[in-house]
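Below you'll find the structures, each written out as structure tokens.
You will see two complexes here that share chain A, one where it goes with chain B and one where it goes with chain C.
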Partner chain A sequence: MAEAKFIANDKLTAWLDELSATMRVLAPARQGDAVVFVPYVAGQNVELGQEATAPPKSTVFPASEDLLRYDYRKNPENLGQVDVELFPTITPEPTLVFGSRPCGARGFLIFDRVYDGAKYKDPYYLARREATLFATIACLKAENACFCHSVGSAPGDAAGSDLLLTPMDDGYVVEAVSKKGEALLGSSLFTAGKKKAGQAKKLREQALKDMGEPQDFGPAKDKLLALFDDMGFWEDVSAKCISCGACTYLCPTCYCFNITDENAGLTGRRVRSWDNCMSFQFTLEASGHNPRPTKAHRLKNRVGHKFSYYPALHEGIIACCGCGRCIKSCPVSVDIREIVTKAMAHQPPAVEEAAK
Partner chain B sequence: MTILTQLKEQIAAQLPKLDMVIGWERGYDALHATPLFIRAAEDVERLQIGPLAVHNTATYLTGLKNKKVGLVVKGCDSRAVIQLQQEGLINRENVVVFGFPCDGVVDLTKLRREVGDLGRVTEVDASPTELRLNLDGQERNVALADVLADKCTRCRFPNALVHDHFAGTPREAHAVDDDYADVLAFESQPLEARFEHWQQEMSRCIRCYACRNACPMCVCRDHCVAQSRDPHWMTQDDAVREKWLFQVIHAMHLAGRCVECGECQRACPVDIPILALKRKLNKEIKEVFNHDAGVDPNAIPPLLSFQVEEENINERGW
Partner chain C sequence: MTENPKQSPLTANPYLPEIGTIIETIQETHNIKTFRIVLGSEERMQNFHYEPGQVGQLSVFGIGESTFVINSPPTRKEYLQFSVMRAGEVTTKLHSLSKGDRIGVRAPLGNHFPYESMKGKDVVFIGGGIGMAPLRTLLLFMLDNREDYGKISVLYGARSPQDMAFSYELPEWLERKDMETVLTIDREAEGWEHKVGLIPNVLLEMAPKPKKAVAVTCGPPIMIKFTLQALKKLGFKDDQIVTTLEKRMKCGVGICGRCNIGTKYVCVDGPVFTYEQLRELPNEL
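Now for the complex of A and B:
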């Protein structure tokens, strides 16, 4: 990879202006009391000092997208016969996500194994994934809800990013992680960063140290499975959950979708939109039967999927990037770390003493 | 004896007759309380009250039919219990209410405006007038009055309006009347500006429906029009139009039923100020029907009743 570069704080907007001249740049901006990724336009405020309220998930996996459009056409020769004409709609736009945190960018590594796997390739996902780059800012201070270091990542993790920026007092050390990222380092706004790269590395390592001992969630894989039929456990840990879905919609690794046909007369669209396992409709079958009828079943699915079923299929990799949004944005502060820890510590109730 | 100790004693005494008692405990950090489900005697010790105990415990009631539930309530929470009772949505005999005098709760969004990002708070010390925070190694003092939820600054009912047990002595209300000044101020803007405001605010909605599920009076839950698949009332689009439509539906369904606990807005992960919509409709209800939701267990919400001629609607005069 190319040598590290440095960009001074007062050059940052000029760089964003340059970048946004050639592609769509999404950057976190303050909107009301939240921080969300929006298309960058010259002169706009950028909020890089805190983790964005919502992750950049929708850049590659939109909350809703048209898979195709269709027209019904009646055959004039035979009015009983209706033909359907389909118009696929894959229209990715070259995009740079600027200022996500390592966990937000890394989320797509979890997606890749599903949508870009050996068996299935999702053309919509692939097209957007291919067209999207990530210039990620390393975290030098974790928040209370962060636990990336317990799921195989770190506050300075570069995996899934194309550029890694490390904040220094006067600017950012910018390092290329991929070939595509390297191509973004041509700007004359940069100065050499080689000398500062060592210090940047130290800062990232210190940030990881500051997070304290990671938890080992490895044993959760089998423990959660063993608890599958223990509905008492699941009812207990889900009692306060209000089954809303904020946790999965804000999750950088949640990839479930729903497909609906939205008709208007003789034309329509087939829409793919986010689904989430916390909602009753998630596995509601056409018959009316729902294998996950209560919030306890559904929370079991969320925790189980991330810490057991996915790791079982994907070399032990946990389908959680540790960003903590499901904890800090949960209206009732359900803490997924606590649930997994409880599950790992759970002892089946001692066998009752022989009946007297 | 402190109010908390008194509450704990009352709960411990009743617990054997109940399936659970719902209150609050410390959450994942010093700033976040979380609902506590007390099932065993030892759980009682974890109970906390105070300015961080924001959640409306009554939200869980309709999901716990056929259980004997104890509920620790602030004044506003108790209004939700009354409203649910009014509408026949709960069996009051199955609910044991533990009330106490509430000094108001903190709006974390306002606190964030005061002190910045709240992700690294390590200590919180609350006195009746002040919040002392340790934020990333730095001490910060914030006057409680500056970060109290708006609902608390205009609270008329800080003491539980219904209760089977009450800890402490009732306190004086923070306010005697609600003049809906916020609604009037918003309405003084031109229509375009108001529309622009909502389009802008709703554009970041993620359609998670936390606003709906946090609401104690939203009782359709799994069968909400916003998600029903058959009939498919609303598209699945990530469009402002759909998001806005849902908020209007929510507000309309809550007209005269909304107890203004503010849970919808508090729950919203992207801080959309949606309580204003409910306030607007409650203001109209108050003007036309002189009705306050969740105050009198024997009242009937105006939109759930029918009168041939309404007192304040001049049906023949036009």
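Now for the complex of A and C:
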């Protein structure tokens, strides 16, 4: 990391005020039991002590966004002719996401490989991605569902962020990770942080040690495929699931979507909205055939995609950042770690011949 | 938006349809209608490159988009032809469109038939119902490059004579000396002069030789299942059988995550697969 600064606790609000004067700042705020990212307005309370319930996914990939607007127009020359005109609506707004955790920012690295593909690029996503900065707070204490260290990350991981903030007793060490992050360090509210940077690094390393031994999910890639036809296994691990989809909506790495039209007379919008593979409709074909007819088939795809298919396509990278949100928010406590662990340990029922 | 004229609009914004105009419609059967569509300008039509087997998304703005095979071959570029079977909302709305209506087109998408590796071989087409649409593209393409291929046989089956699409060109296929065409319907019908019987049985009667041959088949799952058994009986190997897959699609460009079978996305890695490739895929058809 390049530059390091320090900001004292009592200057933090002033810094946020400064930042929000030049761009949209989203910061976590408490709403009842949940912590969610909301547009920061001067003086607002910011909840930095707890991982946000919903990740900052919607900042770059909104739950619902227009892809285009269309207008039907009668041709004045020829009244029998109706023309249609399309208006793509790509409207990124310079945004700083303040106070997300490493897992939330890192989620977009999983998106990037798909949305910034070799053949097709998603201009809506890329415009927002380009316009969005992340000032991430390192976690000094992992929560009980966290397992980022088992999927190639760490509680102090700076990948995908522009600034990394490490909490100290009296303030934060603020380190630039990217060029864009460096540009945010000009404020006179900062003091020099170079000396404290070493201590911050130690704190982050300690946080990682405190998480204990990471689990090796590497073998899951082949093992999940080997279990593909073992529906008994999948029925067993999905027995509790009620197909609510909360796990995917709260996941920083789930990126699937639907496209629908919303009509209003002669004009309308083509809208992209989050969709999820845990729902029956996701793969239902016009003929009525559904290749994933049961929740067991659907959970198999969700786990398989994250721990097997995506890694197979993307250099072994697991499409899960270990944030634990799906575990914490599942109403019936389905635990993706347990499923993958079980799959890796699963032995096909012993054939009697072999036992002899 | 400023666009590089050399870049296909689809690559610049893969979600943005081009506006096409329907120049002709053909009511093929009671539930299949064909649309002949031209894009923007003549120049655009000439510069529109695609391969046999590729698909497009057709849009009716306000209802949505659905995926259909471009069933006119790239060797005939006056228009793009799509044949649409009425199945749900978009297809029902499409059926109400007629000449002069505007339509959104996102194409070409997906992979294509391996026509290069089929050169010098005999080709057996086996199509059932609307499944004849993708085969038509490849067939016409091969007829336009006739010298590149060996014996060409077509077996096309439908429920009844009224369910046969492309009836306007079937007489020509039947007459041509450089191909063999067999038509079949499920049950006897008045005035029907061709075969009666299910596709797999008629195929066994035709008994195409597997040596240096490729079979290309598309149709309803149940037909495919028995056709496959018949082809095996005739000695065709899995890598000599080509088919196309259907999945519910949205983006068509490998991003929305809807159409995967394990690591493969039908919208970019397909829709064309050999049976050998299908055997490698997880069992999720």
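Going forward, the second predicted complex is superposed on the first by the 344 of 356 C-alpha atoms of A that agree within 3 Å, B and C clash if a C-alpha of one lies under 4 Å from a C-alpha of the other, contacts with A are read in each partner's own complex, and residues count from 1 in each chain.
The rule is simple: a contact is a pair of C-beta atoms (placed from the backbone, for glycine too) under 8 Å apart; a residue touches a chain by one contact, two chains touch by 3 or more.
What you see is a predicted model, and the numbers here were worked out from it, not measured in a lab.
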Sticking to the clash and touch definitions up top, decide whether chain B and chain C on chain A clash or fit. fit
Please work out whether A:V41 is in contact with chain B alone, chain C alone, both, or neither, and reply first, second, both or neither. neither
How wide is the angle at the Cα centre of chain A, looking out to the Cα centres of chain B and chain C, in steps of 10 degrees? 100
Scan A:Y255 for contacts with chain B and chain C and give back first, second, both or neither. second
Between chain B (first) and chain C (second), which, if any, makes contact with A:K328: first, second, both or neither? first
Is A:D33 touching the first partner chain B, the second partner chain C, both, or neither of them? first
For A:G304, is the partner it touches chain B (first), chain C (second), both, or none of the two (neither)? second
Who does A:L284 touch here: chain B (first), chain C (second), both, or neither? both
Look at A:N144 in the shared chain and tell me whether it touches chain B only, chain C only, both, or neither; answer first, second, both or neither. first
Could you tell me if A:A226 is touching chain B, chain C, both of them or neither one (first, second, both, neither)? neither
Three-chain overlay, closest Cα atoms of chain B and chain C, distance in Å: 7
Both chain B and chain C touch chain A; at which residues? 258, 260, 284
In the complex, chain B residues that touch chain A: 20, 27-29, 32-37, 55, 59-60, 109, 112-113, 117, 119-122, 136, 200-201, 203-204, 206-210, 212-214, 221-223, 227, 229, 232, 235-239, 263, 266-267, 269-273
So in the complex, the part of chain A that touches chain B is made up of which residues? 31-34, 36, 49-51, 53-54, 58, 62-64, 141, 143-146, 236, 239-240, 242-246, 249-250, 258, 260, 262, 271, 273-274, 276, 279-281, 284, 325, 327-329, 331-335, 337-338
Touching chain C in the complex: which residues of chain A? 67-68, 70, 72, 80-86, 88, 114-115, 117, 119-124, 225, 228-229, 255-261, 263, 268, 270, 272, 275, 277, 282-287, 289, 291-292, 297, 301, 304-305, 308-309, 312-313
How about chain C: which of its residues touch chain A in the complex? 1, 11-17, 19, 61-66, 87-88, 91, 100-102, 104, 221, 246-248, 250-251, 253-258, 260-263, 268, 282-285
